[in-house]
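Chain nomenclature is as follows: A, B, C, D and E, assigned in order of appearance, with residue numbering initiated at 1 for each chain independently.
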Amino acid sequence: MSKARTNPLNSFAAHAALIAYTIIALFPVVVILINSFKTRKAIFREPLALPSPESFSLIGYQTVMKQGDFFLYFQNSFVVTVASLFFILLFGAMAAFALSEYRFPGNTLMGLYLALGIMIPIRIGTVAILELMVQTGLVNTLMALILVYTAQGLPLAVFILSEFMRQVSDDLKNAGRIDGMSEYAIFFKLVLPLVRPAMATVAVFNMIPIWNDLWFPLILAPGESTKTLTLGSQVFIGQFVTDWNAVLSALSLAILPVLVLYVIFSRQLIRGITSGAVK
Amino acid sequence: QDVTLTIESWRNDDLTIWQDSIIPAFEAANPGIKVEFTPSAPAEYNAALNSKLDAGSAGDLITCRPFDASLALYDGGKLADLSDLSAMANFSDVAKSAWQTDDGSATFCVPMASVIHGFIYNKDAFAELGLEVPATEEEFFAVLDKIREDGTYIPMAMGTNDQWEAATMGYQNIGPNYWKGEEGRLALIKGEQKLTDEPWVAPYAQLARWGEYLGDGYEAQTYPDSQNLFTLGRAAIYPAGSWEITGFNAQADFEMGAFPPPVAAAGDECYISDHTDIAIGLNAASPNAEAARTFLEWVGSAEFASLYANALPGFFSLNSAAVEMADPLAQEFVSWRGKCQSTIRSTYQILSRGTPNLENETWNASANVIRGAETPGDAATRLQEGLASWYEPQQ
Amino acid sequence: MASKPRLHIAVFLAPAVLVYTAVMIWPLFNTLRLALYTSGEEGRVFAGLMNFRTLFGDPRWSESFWNALGNNTWFFVVHMLVQNPIGIALAAILSHPRLRFAALYRSAIFIPTILSFVIVGFAWKLILSPIWGIAPSMLDAVGLKALFAPWLGREEYALTTLALVSVWQFVGIPMMLIYAALLSIPEEILEAGEIEGITGMSAFWKIKLPLILPSIGIISILTFVGNFNAFDLIYAAQGALAGPDFSTDILGTFLYRTFFGFQLQLGDPHMGSAIATAMFAIILTGVCIYLFLIQTRMRRYQF
Amino acid sequence: MTALSLENITKSFGPVRVLKDINLDVTEGEFIVFVGPSGCGKSTLLRVIAGLEDATTGTIRIGGRDVTTTPPAKRGIAMVFQSYALYPHLDVQGNMALGLRQAGEAKPVIAERIEMAAKMLSLEDYLKRRPAELSGGQRQRVAIGRAIVRKPELFLFDEPLSNLDAALRMATRVEIARLHRELGASMVYVTHDQTEAMTLADRIVVLRDGRIEQVGTPMELYNDPDNQFVAGFLGAPSMNFLPAGPLGARGATLGIRPEHLRVAPDGALKGDVSHVERLGGDTNLLVATETGDTITVRLFGQHEHRVGQAIGLDYADAHAFAFDAEGRRLRD
Amino acid sequence: MTALSLENITKSFGPVRVLKDINLDVTEGEFIVFVGPSGCGKSTLLRVIAGLEDATTGTIRIGGRDVTTTPPAKRGIAMVFQSYALYPHLDVQGNMALGLRQAGEAKPVIAERIEMAAKMLSLEDYLKRRPAELSGGQRQRVAIGRAIVRKPELFLFDEPLSNLDAALRMATRVEIARLHRELGASMVYVTHDQTEAMTLADRIVVLRDGRIEQVGTPMELYNDPDNQFVAGFLGAPSMNFLPAGPLGARGATLGIRPEHLRVAPDGALKGDVSHVERLGGDTNLLVATETGDTITVRLFGQHEHRVGQAIGLDYADAHAFAFDAEGRRLRD
């Protein structure tokens, strides 16, 4: 069947370009992965070679499993990431709803105020944050991290979510009001379910920096029982001696959960940004 | 009611040693006191530690960087005065100097170890190429030339990407021979010598010649790259600090030797950088001060000295008590203490207190000089101007 | 809405505002305030704009500052010239309605974005290293070995190289956003163009691109804010001194070094805050220019 | 008893007055339709009645009770929106149940009411589907069902049929009329489709620019409009307006409905057929008169007229309306 | 000459056959309307003609040329979309010019064509406005203008009026009829509004489920439908279908149009008035017969019938249609 519209040459070129870029995107990741299964010597002798019977080694993974309680770190990272996302989404959505749904004096100002946070690196507020956590006794608890990440993620979340919420039909909210729903019920039972895709977008954008952050775990929760995975992997980067096998293994392992989270969110994400909010 | 002491440290590398040998030894001797060693990544250590001290969440025991970093903590009331610790008697004044107030009236950290600079070489490679260990500049470059001509090995493994290699393993390694160790260093502090004086420019002139002996693309070579190059047997000489010994022993499958920095002419007095590098102090806000002092007394003991120096060959005890070391390479390094004069790195005491920071500038200048981006003279002039801009004795 | 107590507005705003104010704005404000003080003999003394005078007046500080700002600007320019066009191009290809495996490509291209800086730094240093030979041997394979240089170690290339690595890592974000914007262009408009003979590249230039301009605007401002706050990649690859010879020093590394100190350099929260304030002013200016000059002139189309 | 009474309602958005002094009484069981051109304030008035907007001044009574400041849910009303406004994440049953659950009704009561509504609207087979899985007509029925289950005193409809296609529109129109008969509740219905207005209303309220132009039964408005606006607004094709002078008629403008014109070779009006619309059951002629006006003539059944053909038209004076220069009706 | 000819066109989406063996010839200058229920394949057929979809099998000729594999732009067609599909970023002029520029027309030619189209559609004052600044009717005219300037051999319209409100719909309908007369080009027009179909078409194509049910002039289809589907689809209110048996008529089903029923106390059909729709110009009676059917009766003008009133209905045999059990028309 001949095609009046599709040009096979174009489609070939499109795939060629995409495959080329996919290779560029994945090549360094593959380098990391294959090398995490090799001996140190093999890594540096031939970094591109696949693990062979001689060079294959799980030493890195063994070191990782031996050193520290890796499953606990895993769990901590997971708890912190998921809890922070939860609060970012909940609080962010609530604020976004207030800003987009109601006209009240100071609405615009409040919007601007909530956006200031993306313009200054939060890191410089470290000492004051740490003092706050010390005073409230939250140092070395996961709660401290969750609070910081929540605060850090809110500006972007409010920005994106309020764009989306403006698109939720007024009729729908009014129908709810006539049905006797309170403003809270309207938010939780109508609006939240409808902006789920937008929430996925926010979740993906926030999840990565939280999962990968090293600084705040180091400052706020360096204790053994509250260490995150990223902080835990730092053990292998010494002052003079770095255990590359272990670092590569730990970091390869650390990719997995984010990848899983990403895959979970990404279906929603595409639907979400497709509905045009971040235009 | 066990007390648990927490140690802040940048020594990720030592985690297993502390966990497997040092802490059990202490805990066995001191029931009721538990110790936790919680190192963080070295690059973030200072920033993280300062933040935690400011906010009051730091551990009981603080591993001390030498000189100003720790002095500032003591001045800020973060470190307790340990002058009255009886173990302090086990250390010489030189050993303690890195952790004392400028007037020497108070000592706030118990010295643990120093590191010595020199060159580690691949004995097999030397044997293969029929090379002798060089003692003078001339011999040194002759050896490098030979290795380069042969082409099997990269003459010297060092890169300038991380900058500090160039300064620490380059400038501070070979420099004392030119500025005559403590004599030059103290003269600089007093303002009697300038960085533009010959003894201070000469090491840069040496470094300027190194570039051609480093591996292809050394500009982008990082510190771990250099280590790997050498331990994989691809390079013949490695400008080193004694701290490499442990790692190299584990990784290299050839025999290694070491030689001290070459002197200008045969028979010249030799100087080595024997740098007081690591100590341990007490967080002034620690609620467990008593237990912590017990621990610090133990760190000052001969038992600890021997335990530590043998667990970490290359970190030489500063304790007056002689320590027997098993490692031949470590023995080689420490043997230079007998033949040469010891000094510490020139930029550490006092001179890096202002802006611009002399140590950082030295990193930058050393890397620039090796890369040929700056002439030794220009680099020295720039450093001198920077120093003079805030350091009165130099104005 | 019938008039009744509007308590719910406060309730909706409260958690976000409280957490954000307590954990973010208050600490930041407290820190920026330090810019007006210096540490004297007896602790902290008020110094007015002294720190700023030092930062901009003392050549030692101002040179570093302008160097960092210049590098940062170049870093941003590379992202604008490379990251966003590539992102747009990939999105344009991906948004082709009958493309197979689109989801697969999309995820693959997004993967670098979820990696930590430690991995990215390590992987690229390994690949670009002249010693381990990945980049040289790959260039050799296509006969371009002569083009190879130790890019990360040369002043003239290092910043651009790192900017490109950062582009590699983050290209997924503009791609995703533009992809979404392209999908929201109604099929019928494109078909109308097709009937008029506007297909392929000309459809992109004449129809799609004008319609996604607002998204490109948002991406530009997000890139701007992100780049002028950037820090981690440079730090992971070149350390806090941002070598060689400060050629990769950007505002983020300059700030970090000054604020927290580095090696023998002690942290100086006062000067650090002054730098942070300057950065904040730069970013705020950029955002305001965007909001008031560009965004108001850019039309958003309702389809 | 009055089901709804509006007293001196005005509504402003900022400086713009959108509703101007609206007074209206709706008796119980009555079907009231608001018509008017786009932007005249129909929806706004409906939303004021619902309590979704506050009236700027005036009093609203529903069933005799002053509800001016009562929240929407407590006004005893139900509303059907133009966009249906179904809860997309709930199935049909859930959509209907939500309001009742919110009001704390007992489960059996809810189930019973839903069953009744579903039966009345033939939705029994779709109770488990979500809105996205329904056709337009079905969605509309769900929206009505959601209103019915609340057993309100007053139904409010905002252009409920405007998203439906022609066939469905007619069917649903009949449905709503039937519902009104069966439920006996009062209904206020907004539309700009005059067929809907004519067929559904007990009384029509014609709005223009925030004011009530005329209120009356459909036939009152059709046969006895107060002014040119009302006359032209109702009836399709709409009334022909001709300058009165040349025809020797009273006032400034003469209005004749298309169906009141007869083809008569010696009629008072002469012209050429410019277009013929054959609808099967009707035939519309567009006639260009000698005076340059276009007149629409509506003929029942099928007729053979050709474009360009010269034609004469006649009308009975009883069916002609006279308007003055301001458009006010001149009655005898 | 044939402007368009479709030969054995079929189209499948995956396993679903959406178009089944379509054959059709359109003569030059003809106005063809596709009608049919939602989902019957009207749009798909139009898109196949335009080249926006490939036909699965079959041949398409436009102006005698086989264009089956020609890309849309080269087929000599122009298309007007239901959603208008204007380029939102270009002003009216730009919208009309884009295609011509792409085709490399000279500037003066472009300017001249736009001027002509703008004049024809009274768009002169809006040339510098963007689509967002235009009303629905104006947008629709721009979409048509964009098609006109291309001077195509064949115009394709996909429900161009369905987004307009009733009044505008009628005005634009007349406009399109005028355009067709003035341009003399062939047009293929998709709609599901039968008033449009009846008034615009030279010939109507009734589609059902991917097949052509009947092709003919509006009056042919109205007066002489081939089957029950076509009979019921055209005409509003639609034809009454009654079981033939009780009435002693031929075939299985008897079809009578509402306007062909007369009120006659001794008529053949008896029943009660169940609903009266008074439209002013017409009156529709819904009559529930004794046999349980509902019959719609359309009366011209206003009539006094009350709900519940017993009524007799009569019809002329000449106006009754007979259908067999499969719905096929039984002709004499």
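Side notes on the structure shown:
Assume contacts are C-beta pairs under 8 Å (C-beta built on N, C-alpha and C of every residue); 3 or more make two chains touch, one makes a residue touch a chain.
What you see is a predicted model; the values in this text were computed from it and never measured.
The minimal number of chain-to-chain contact steps leading from chain B to chain C is 1. No other pair of chains shares as many C-beta contacts as A-C.
The chain with its Cα centroid farthest from the Cα centroid of chain E is B. Mean C-alpha position of chain A lies 53 Å from that of chain D. Taking the mean of the C-alpha atoms as each chain's centre, chain B and chain E sit 90 Å apart.
For the pair chain D and chain E, the distance between C-alpha centroids works out to 26 Å. The mean-CA centres of chain C and chain E are about 55 angstrom from one another, to the nearest whole unit. Looking at chain B, one finds that residues 51, 228 touch two or more other chains. Annotation for chain A: residues touching 2 or more other chains are 5, 44, 126-127, 177, 214, 237. Contact with two or more other chains is made by residues 51-52, 71-72 of chain E. Against chain A, the residues of chain C that register as touching in their complex are 1, 6, 8-9, 11-13, 15-17, 19-20, 22-28, 30-32, 86, 89-90, 93-94, 96, 98-99, 101, 105-120, 122-124, 126-127, 132-134, 137, 168, 171, 173, 176-177, 179-181, 183-184, 194, 200, 212, 214-215, 218, 225, 229, 231, 252, 255-256, 259, 269, 272-273, 276, 279-280, 283-284, 287, 300. Interface residues of chain A facing chain D in the complex, by the touch rule stated above, are 169, 171-172, 174-181, 185, 189-190, 193-194.
The part of chain C that touches chain B in the complex is made up of residues 60-61, 125, 128-132, 149-155, 238-241, 243-246, 256, 260-268, 271. Residues 186, 188-189, 191-199, 202, 206-207, 210-211, 213, 299, 301-303 of chain C are the ones touching chain E in the complex. Contact residues of chain A toward chain C in the complex are 5-7, 10-11, 14-15, 17-18, 21-22, 24-29, 31-32, 35, 44, 47-48, 87, 90-92, 94-95, 97-99, 102, 104, 110, 113-114, 116-129, 132, 147-148, 150-152, 154-155, 158, 177, 182-184, 187, 205, 207-208, 211-212, 214, 230, 233, 237, 247-248, 251, 254-255, 258-259, 262-263, 266, 269-270, 272-276, 278-279.
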